[in-house]
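Common to both upcoming complexes is chain A, partnered first by chain B, then by chain C.
After this line comes the complex of A and B, so read on.
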């Protein structure tokens, strides 16, 4: 299971890194004649995949019809001058929703991955320190961690972010969000690592290392922490969707990334009012992207059907 | 250790928890009071006067002591945004959030327990469908669920898309009927992922209990599999499920924040969000304190109920 969760993280990292190049159009590229344009269905025939470009029928009501006399290829093969091809439709400013989702993956998944790695590092260092040092350090780390675990994460994130200056430059926003996420993500990791380290320290290989005169740092990093790798891999897979959701929530209420940055949260906040949502449900595509990330994690951590006992003979 | 002593201990740590979190929220509110003034062009003197009027010109420890003293008398100061006592605002909103949370917990339990039982007792028939559905629903966090339900409600017109009442001034039965129409949407958004969690916990716990020797013994005495699962295994399997309610209460709180925002439910989460945006110091601190108290009550109650149904919890405390 830990190898599968590492693979999932790898796939998400690749999507986050490559998505801006997969997007057919720019994140802020606007098609003024295609406000709230619906998704264009893809057709197949002997010549391959094609779509019909959209024609604006009524500018006031924003009604569109497919121009069946013309056909174009998929957006990646069709120059935008011929016709914009919007596979997932357009938002209220005439921007391609598919491109917005792909560009948004970088900010949303990137932030989640940074925060996950940070939480893993901070959590394992604090947990290992608590387990190896014992005494006051152990109590302090565990107590603070327990307090943070019980607190409802979203409330705390929103409260801390709202207490800081609301308008910040983008690098500062990213740093602030990552630091807040890490500050709330480490306790669970630390508790698990602490428990594993304490058990592992009684094992013969660790005792042998101590007897051979290894420093405490060496014992912890070379003999105790490696035992946590499986646990850390599973926890990483659990943290990523939580952080993706936290970013989406923060940006949705206007406390996350600024509107100029495409992310799943900012894209959702633009389609948040009931009127826009009802008229153009496809603008909720970022919500579907978040659903897919959470679903992928749950599938990964799900015991497979093979684990269910065979039917008993009654 | 007796149950009463256990409950007293949990209640005491609940009080300490609420006090710590309330103090932290006052610290947070005090820290952001620097830009309490909404008019950046105001003269420094009028700023200072305003800060003095709000009682923010004092050192933190003095403010803290006065606030704690006020807390005992349930006097939490005045909200600058709503121009009303914080206590009255918190009272109204806390009831709304509690209504939402309790309904969501009931719906989640009412769906989760029977479906979990079904999925464990019949893992290859109906259980397969239940497991697939619960996996899908588990992946719909309250933010996504609330957006999807609002979309469905808006397109079909079956339910109102937001708020708690359609218009002001309703009373009695008309008010209750109106609230009942507004309730399902936020409750479902909150309850469905939680029901999936409970379903999975119940299924796993029941499978675990069915494998125990006492169930095999009852089968050996001639009880059929369904009856053995229902009469002997199921009550035992409830204990670990109830044990997770303490954690679920925290998740319920987190989820209710975003559900209240999306569906415009006038609860504590929305109030705190408005207070933060308006830099309403005493209201922020009050919301933090109210939230901490609610959370402490919820987790303490869950722990005590868990100890009441599972004697091993008390034994482990020795």
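After this line comes the complex of A and C, so read on.
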């Protein structure tokens, strides 16, 4: 696994955890005269980094000009009363896109992480149980998993959402989304774990443990599941970006987090308007953040130099 | 793939993304020189939905209305640009002093598109068909006066006498609601009681006959509707040239407004179904500067977005929040909490005028500039909430009632409507600043309307489109028994004293034939509305339409369809873009 991509993922996770402190402004804080304002370029001279505040020239035509007679620092050092500093521009409600991306990281990555852990735990336990027990349990777990894999999930989600009350508190929304994602995620993991457990159970160390009188639980947890660790690590790296994308998709179509909760999906829904997308492409910044996560996790799966054995020499 | 070979891939992705952004950004199209109006050519427009029928008596959806505007004719029509009534198939009319009898004279020598003569019998046939119980026409209520149908007699082939059961202020303006159908083609359907199924979307175009400027040439479901010039259309331009100017009119079915705008920008279509969104204005202006489009301001929309609470007493009898949420004081508090200038700036990027009632300045004749207003005053709003017993009883930002219930309600909006979504966000923030929490729930149109009709909602914020600027033609909205009395639909008897008073005023206003008296009575209606505030209004957008560089002679109106209402005078220059 690539150490650099692991580092990138770690940085993203830290950013997500610290987002309320890192974001220059609140997730819903609006600047009325900066609707669709473009990113403010950062300049550097002997006095350090600075920007020029934006002036609204024409609200309807979305034209802004930099006030070059004034200088402001970066958003973290400039009080908002002096001038808002929008490094990634503003969305259609005049909200700082950078702050929205940072605040959104928490919901999007947090949910993806919870769902990934839940899927790994549920998939591992059920897969190992099916592999070790065999018979009816095995068939039941695998068939239920198959059923969930082939269900058209978007329709299922729409149906589930329609059956729930119109307004759900945030913990309930998070729980519902996590449960849906776990239900989506565990079957493939269970199937992989089941296969590994079936093979591993025929290995000598497992047979010896059974012969020595070890309980089934001990055999599974000490002798069979450890063999799945590599597989589970790979699955985790695949699930995290998958769930980040799933959250973005569901929130984008209005089935995920409500608009009041900043997430990458809800932030992206601002870009659904083609006019906004062409006139304010910076509102696609959450898509770039998602791209980074997907890229980092995909690179994670590539072997690092240390993993590749040097060519043998004679 | 090793790490060294990854760079070209990443570079390729970045180049592809940049290329995509360049591609979707409007490109410059050289301006074409203006030329004189000439007959010929094909204009391509857009429809956002399939027509449910080609029979206006059977369907009220906008696509059906557009198709029938193009293919059918009316006795008189409301000019969408001036909002005034003008002669159409009837060239003149006289009215009795009591306003009960109107005698219309048809133009001489009119012919249906199949060559059959158009006579007063067709008009009488259509009005009778509208009121035929087997037809169950969606237009029936719009041709009634106080619930009684109008009567029609035909002394001769060119004379139609319309008799009202009671005096009716708008007079024959109500005939703008109905297109005249060919008796010789549909008589058998009426006799069989199957008119409501006649002229459905699967009807072969050759069977459709009309008095409109175009005839249906082909309908490809999900793709396009093509119209050809009606060679027997009656109208001529000022120089005596027969109308319509166009040989063909094609309406592409483009369900999504984003797709419609892209099609306009790329030149695939020449006109859109309706106005530009405020967000699209900047891109359109940029293209206009490059010669690729023309943008016109049409005027102020007569239909501002409306916010209203559910005011069915049966709903609030079971919900303790009703003790404050269903009160006038609560609505007034919320109304005082809105800064309408800021609302217009945020929601419509400044292209809107603040409004305080359902009649906007876009309704030229009936707008009352002196309507009592609720000034933006958060302190007053908070004081009104205190009067209702709402106070912050815990550590959060929101108020609670004496029972500890949070001052919170759910606001339903149409999903995918950028303006409404942004407006709802501004309202939510404004009201949260006085301690009232709002949960915004975007719903599909059908789901929202179902909840509205069933009374299953706290509050709704949406766009209500009136069919005619004359208030007597909107009695469904004003009367407590009306099907569009959105806050409490279809009451058997008025639920409140002020609704009873409003019913009385609206009935008198509709019955009055003296224009000055009608204006005075409608101001009284607006005053009662403003005092009791069943619905809240914030801003009416200024409307802009954009047309492609080939289009000439458009006369946009503020009501839908902004351009196609006068399709017979639309013209194009140059070749149609290849599809």
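Heads up, the rule we're going with is that the second predicted complex is superposed on the first by the 269 of 314 C-alpha atoms of A that agree within 3 Å, B and C clash if a C-alpha of one lies under 4 Å from a C-alpha of the other, contacts with A are read in each partner's own complex, and residues count from 1 in each chain.
Please note the rule applied: contacts are C-beta pairs under 8 Å (C-beta built on N, C-alpha and C of every residue); 3 or more make two chains touch, one makes a residue touch a chain.
The model shown is predicted, which means the values in this text are computed figures rather than measured ones.
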Looking at A:60 after the superposition, I want to know if it touches chain B, chain C, both of them or none. Which is it: first, second, both, neither? second
So which one touches more of the residues on chain A, chain B or chain C? B
Go through the superposed model and pick first if A:152 touches only chain B, second if only chain C, both, or neither. first
Report for A:171: first if it touches chain B alone, second if chain C alone, otherwise both or neither. neither
Once chain A of both complexes is superposed, is A:213 in touch with chain B (first), chain C (second), both, or neither? neither
Taking the superposition on A as described, I'd like to know which of chain B and chain C A:252 touches: first, second, both or neither. first
Classify the contacts of A:135 with the two partner chains as first (chain B alone), second (chain C alone), both, or neither. neither
Of the partners chain B and chain C, which touch A:47 in the superposed model: first, second, both, neither? neither
From the superposed pair, tell me which chain A residues show up as contacts to chain B and also as contacts to chain C. 272, 274, 277-278, 281, 302
Where on chain A is chain B touching in the complex? 147, 150-155, 158-160, 162-164, 245, 248-249, 252-253, 268, 272, 274, 277-278, 281, 284, 287, 290-291, 294-295, 298-299, 302, 305, 308-309, 311-312, 314
Mind listing the chain B positions that touch chain A in their complex? 17, 20-21, 25, 28-29, 31-32, 123-124, 128, 135-136, 138-141, 143-144, 147-148, 150-151, 154-155, 161-162, 207, 224-225, 250-251, 253-255, 257-258, 261-262, 269, 272-273, 276-277, 284, 288, 291, 295, 299
Residue positions on chain A within touch of chain C in the complex are 2, 28, 30, 32, 35-36, 59-63, 92-94, 166-167, 254, 258-260, 272-279, 281, 302
As the complex stands, chain C meets chain A at residues 1, 3, 21, 24-26, 258-259, 261-262, 277-283, 285, 342, 345-346, 349-351, 410, 412, 415-416, 418, 421-422, 425-426, 428-429, 439-442
